[in-house]
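Order of writing sets the chain letters: A, B, C and D. Residues in each chain are counted from 1.
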Amino acid sequence: MIRTDLAMEAGEMSKKKIPGVEITREEAAEGISRVKVTITSKEGEAALGKKIGTYVTLEAGGLACGDAVLDENCSKILADEIKSMAGDNIRGGVLVAGLGNRMVTPDALGPYVCDMVFVTRHIHEYAPDSIDERLGKVSAISPGVLGLTGLETGEIIEGIVNRIKPSLIIAIDSLASRSMERVRTTIQIADSGIAPGAGIGNKRKALDRQTLGIPVLAIGVPLVVFASTVAHDLLEAAIDKTNAREDEMQMILSRILNAPGADMIVTPKEIDKVVKDLARIISDGLNIALHKNLTLEETRRYMH
Amino acid sequence: MIRTDLAMEAGEMSKKKIPGVEITREEAAEGISRVKVTITSKEGEAALGKKIGTYVTLEAGGLACGDAVLDENCSKILADEIKSMAGDNIRGGVLVAGLGNRMVTPDALGPYVCDMVFVTRHIHEYAPDSIDERLGKVSAISPGVLGLTGLETGEIIEGIVNRIKPSLIIAIDSLASRSMERVRTTIQIADSGIAPGAGIGNKRKALDRQTLGIPVLAIGVPLVVFASTVAHDLLEAAIDKTNAREDEMQMILSRILNAPGADMIVTPKEIDKVVKDLARIISDGLNIALHKNLTLEETRRYMH
Amino acid sequence: MIRTDLAMEAGEMSKKKIPGVEITREEAAEGISRVKVTITSKEGEAALGKKIGTYVTLEAGGLACGDAVLDENCSKILADEIKSMAGDNIRGGVLVAGLGNRMVTPDALGPYVCDMVFVTRHIHEYAPDSIDERLGKVSAISPGVLGLTGLETGEIIEGIVNRIKPSLIIAIDSLASRSMERVRTTIQIADSGIAPGAGIGNKRKALDRQTLGIPVLAIGVPLVVFASTVAHDLLEAAIDKTNAREDEMQMILSRILNAPGADMIVTPKEIDKVVKDLARIISDGLNIALHKNLTLEETRRYMH
Amino acid sequence: MIRTDLAMEAGEMSKKKIPGVEITREEAAEGISRVKVTITSKEGEAALGKKIGTYVTLEAGGLACGDAVLDENCSKILADEIKSMAGDNIRGGVLVAGLGNRMVTPDALGPYVCDMVFVTRHIHEYAPDSIDERLGKVSAISPGVLGLTGLETGEIIEGIVNRIKPSLIIAIDSLASRSMERVRTTIQIADSGIAPGAGIGNKRKALDRQTLGIPVLAIGVPLVVFASTVAHDLLEAAIDKTNAREDEMQMILSRILNAPGADMIVTPKEIDKVVKDLARIISDGLNIALHKNLTLEETRRYMH
């Protein structure tokens, strides 16, 4: 089983039909594909290395490249998926958790999204009479990363959940991908929470219904590929095509990747801008989903 | 009673000796004064508008102006005050809370301090055998502000405190001052926690032993004066010196301060740099205080 | 003569009609006033302390507060004024100069505008065949400030002008205002260039047709008031209303403003956001004016 | 001839001794190697693809990893090389040019260095009597990149040089490397200027004595490897070791690297911090070299 954070990649790697795993693909809008992987059995879990649940992947080659219509369509489809997975929990109090490290650009997606989510819980609490009834009850937190806080993300979220009792968590996270084609083009929404070990910066503990007692949606976006992954795949393909010996390949690999003192990543040169654009797409999606009949225009105006 | 976040200003405003209030002033180092206000009675509380407790104010005209020796001395004196106020609690697990809004420069002091605190709690938790025994058990969180999270600072801190059980909180906050002379020159450390309503950006609820169940030290730094305060004082002085009528003055004041859509503040032009420098002074102080016999050099090296 | 960077303020201070000065005021759009001051005589120059030329001031109370329609209307009116003042020079090669210091928030307007101007000169130079004929020939430079470069802004601009020979300069600058009501609500466009001594951060030398040999439009936006100005005006008003003695007032003033080591300014608390929003309004105006029949949408798409 | 911006890499690729090329290697300080490549003939130029001149490379595995002593030693050795290459020109007026794009983290090294260079030209110009005689005459400019200014870096520098007549340029640039081992560990100083086509973000025109009329030192630091380079090398090694066919390899390569809409780069995950640290090391080196007998402490104090 090859490790990937995307259920869809795991599904595609498997060549034969797996019982308890269903994969559908459709065109969700012009330029946006929607792949839905449903895992319903323990056998499916084992085969894909993913927990039982629904995993929707939106794919759009031109995402976050300045095509305002495409980006906005993606926000709307994302909103539909969130509403569909959240069900009634969406009106009871939603805590958005922006995982990752604001100081490390490719890991800053979650915190950036939180900066742009339209939060309203405090208005419900302190001025319930004045509130526009279309507004959901939304709060948002960027807990930071273990190395900078000394605290597990899960500990912080759990502490807050116990204190404020939301009915749903939506966690946003940058992912490391297996493939450069996924970077900046893919958004995954899953109803099974954050798996342990995911994320770029940090090996996280699980954040899910089991650990937190309430449903956890996870939105994940591949933003980097580890250089070692690229090199590994490249050599594997080479071995496949040739009669090269694997030990020789390993030697080549280790010689080339031996960069002292650094986790090397593969990322778009303009990653600073990519992360900001993707954060806007996702926060727009959240703002549409979490408030009722509010247009993007209205949300943006409200936020001032 | 005129409102100020600095016990020392409150003390100075009173012309006569108040029972249950003791004020001492000394030269703590070259260029650094230390004023200690001790409030021991309900009568003192009422007179100064401050809770029973100890309030130490360090004053240095040239602070955060590039004098490395002065800044470092200030960090050391701050460290001594923290150790003295914290007592044994300092070794049991300390949570540093950086209050304020990272996006609003004069309110960003707390989050910036958190970025530079040397956190170690996770090493104690996950690698207890490997840890340098001089290291304290430190964690840090910047909870954000109500308008961006939908969550009261106190709710977040309380949630985390209940989950991780530290023995001491140290909260860092930007203050609004009554006087431009205080801006960038003054650091207050108090053992009575954060009073309700303090801070620049946000009216906070109290953070203290009563609300959190553990001792709370508060480090506060005046970084702005509200324009209305400056104008008010100016006119009050004018009325005092002349036989002007107060209603005329109020008219002048309201005409001049009528700036639509904005809380006007008075602040140093180079506030971006001032906040960063003060954050370094305070985080250096914390790093000296919270770990035993660790030099600044060693802390800085550890943090990489 | 009281010093102000806004011709309109200078005009308003004068109570009687000045020969060679014409002032008109009109409603340019809902919520936006347009005041035009035309100075045509030496006598007018002397009376207003402004050089012969045209000074248009757009005023909108709700500017940069999240009202997208108002902001966009303001960009469009600004574009019309630029086109009207620039005349044919606009098609010959325009250099946008973003004055000020990127590191000091209230002085960063000019550099931020440059970041968002759609530059095209290099496409004309290197790919003339492929260029959309509606595109003007636009370049942009943020020269930095004297204290960080060791170079006068004028020296840098002059050097570049001599090298690339544009037919028009448009300089963008943050201004210090006399009045808090102007901050964030006012944009001035003038065809007489940058006057010596203007700006927040830096006393600049003149940038005008005389020093550079080509026409210079100046766009200026009041973003701060010096604390000393506020206090001065306040006391002057007090003296006016009372029989206070001026020397006593001066004493009060100097005592209150005596803040060591800092130029104190009065500014909106959320200045970080205000500057970004105003930079967008102005760069949108430039992008509409400098390219022919290009919508904002198209410009934004082009910029990616 | 394989393309690299480092003369030393070009030298090492050649297996046999080339006439007109001399390479020496020594330990410059603990943990810092110094490789000097001197090219004195046209034959050497052709063989290494580098112009006649001196190229010194400092190599230190642990650079910019928090070892303050190593970093400071590196600054000092860099200062010595600069002084040695600059000769008397160093006292006549030095313009530091920070090439690259401040908005793209791995390309921001040059602008960041400019932010920290201690500039003094304006003091010489405007207050010559008050100046500390140890201070050199230093100015600094970050010209931006073609895509954001519409201006060639060389046009801007040439314009300024013609206007202010310095006697020496020192250009700072991020480089793309051939090898991940070079990233963050290597600084090259050359007296032959900036070669055309170098740099990460931008294909630059040459900046050298021929184009500018004065000597140009270039300081270059490898900060990224293009993903295509890594993959290419990897496959070349594989072909070498196996009897794979090159066309098959090319197919693998193009399949794996086919990432839409993005130049993929390989870079350390914490690149934000790496660039800042390297900018400090280089600006410290410049500040030592460009002023006489000034300690780092003094420079830092002066800069406030």
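Rule of thumb we're sticking to: contacts are C-beta pairs under 8 Å (C-beta built on N, C-alpha and C of every residue); 3 or more make two chains touch, one makes a residue touch a chain.
Keep in mind it's a predicted model, so treat the numbers as computed, not measured.
**Q** Go through the assembly and pull out the chains touching chain B as well as chain D.
**A** Joint contacts, listed by label: A, C.
**Q** Can you check which chain pair, C-D or A-D, has more C-beta pairs in contact?
**A** Of C-D and A-D, more C-beta pairs in contact link A-D.
**Q** Could you put a whole-Å number on the gap between the CA centroids of chain A and chain C?
**A** 43
**Q** Whole-Å distance, chain A centre to chain D centre, using C-alpha means?
**A** Here chain A and chain D have centroids separated by 37 Å.
**Q** Touching two or more other chains, which residues of chain C qualify?
**A** 65, 103
**Q** Spell out the part of chain C that touches chain B in their complex, as residue ranges.
**A** 61-62, 65, 103-107, 180-181, 183-185, 200-201, 224, 227, 230-231, 233-235, 237-238, 241-245, 248-249, 252-253, 255-274
**Q** Which bits of chain A are touching chain B when the two form their complex?
**A** 103, 114-115, 119-122, 138-144, 146-152, 155-156, 158-164
**Q** Provide the residue numbers of chain C that touch chain A in the complex, in ascending order.
**A** It is residues 65-68, 297, 300-301, 303-304 of chain C that touch chain A.
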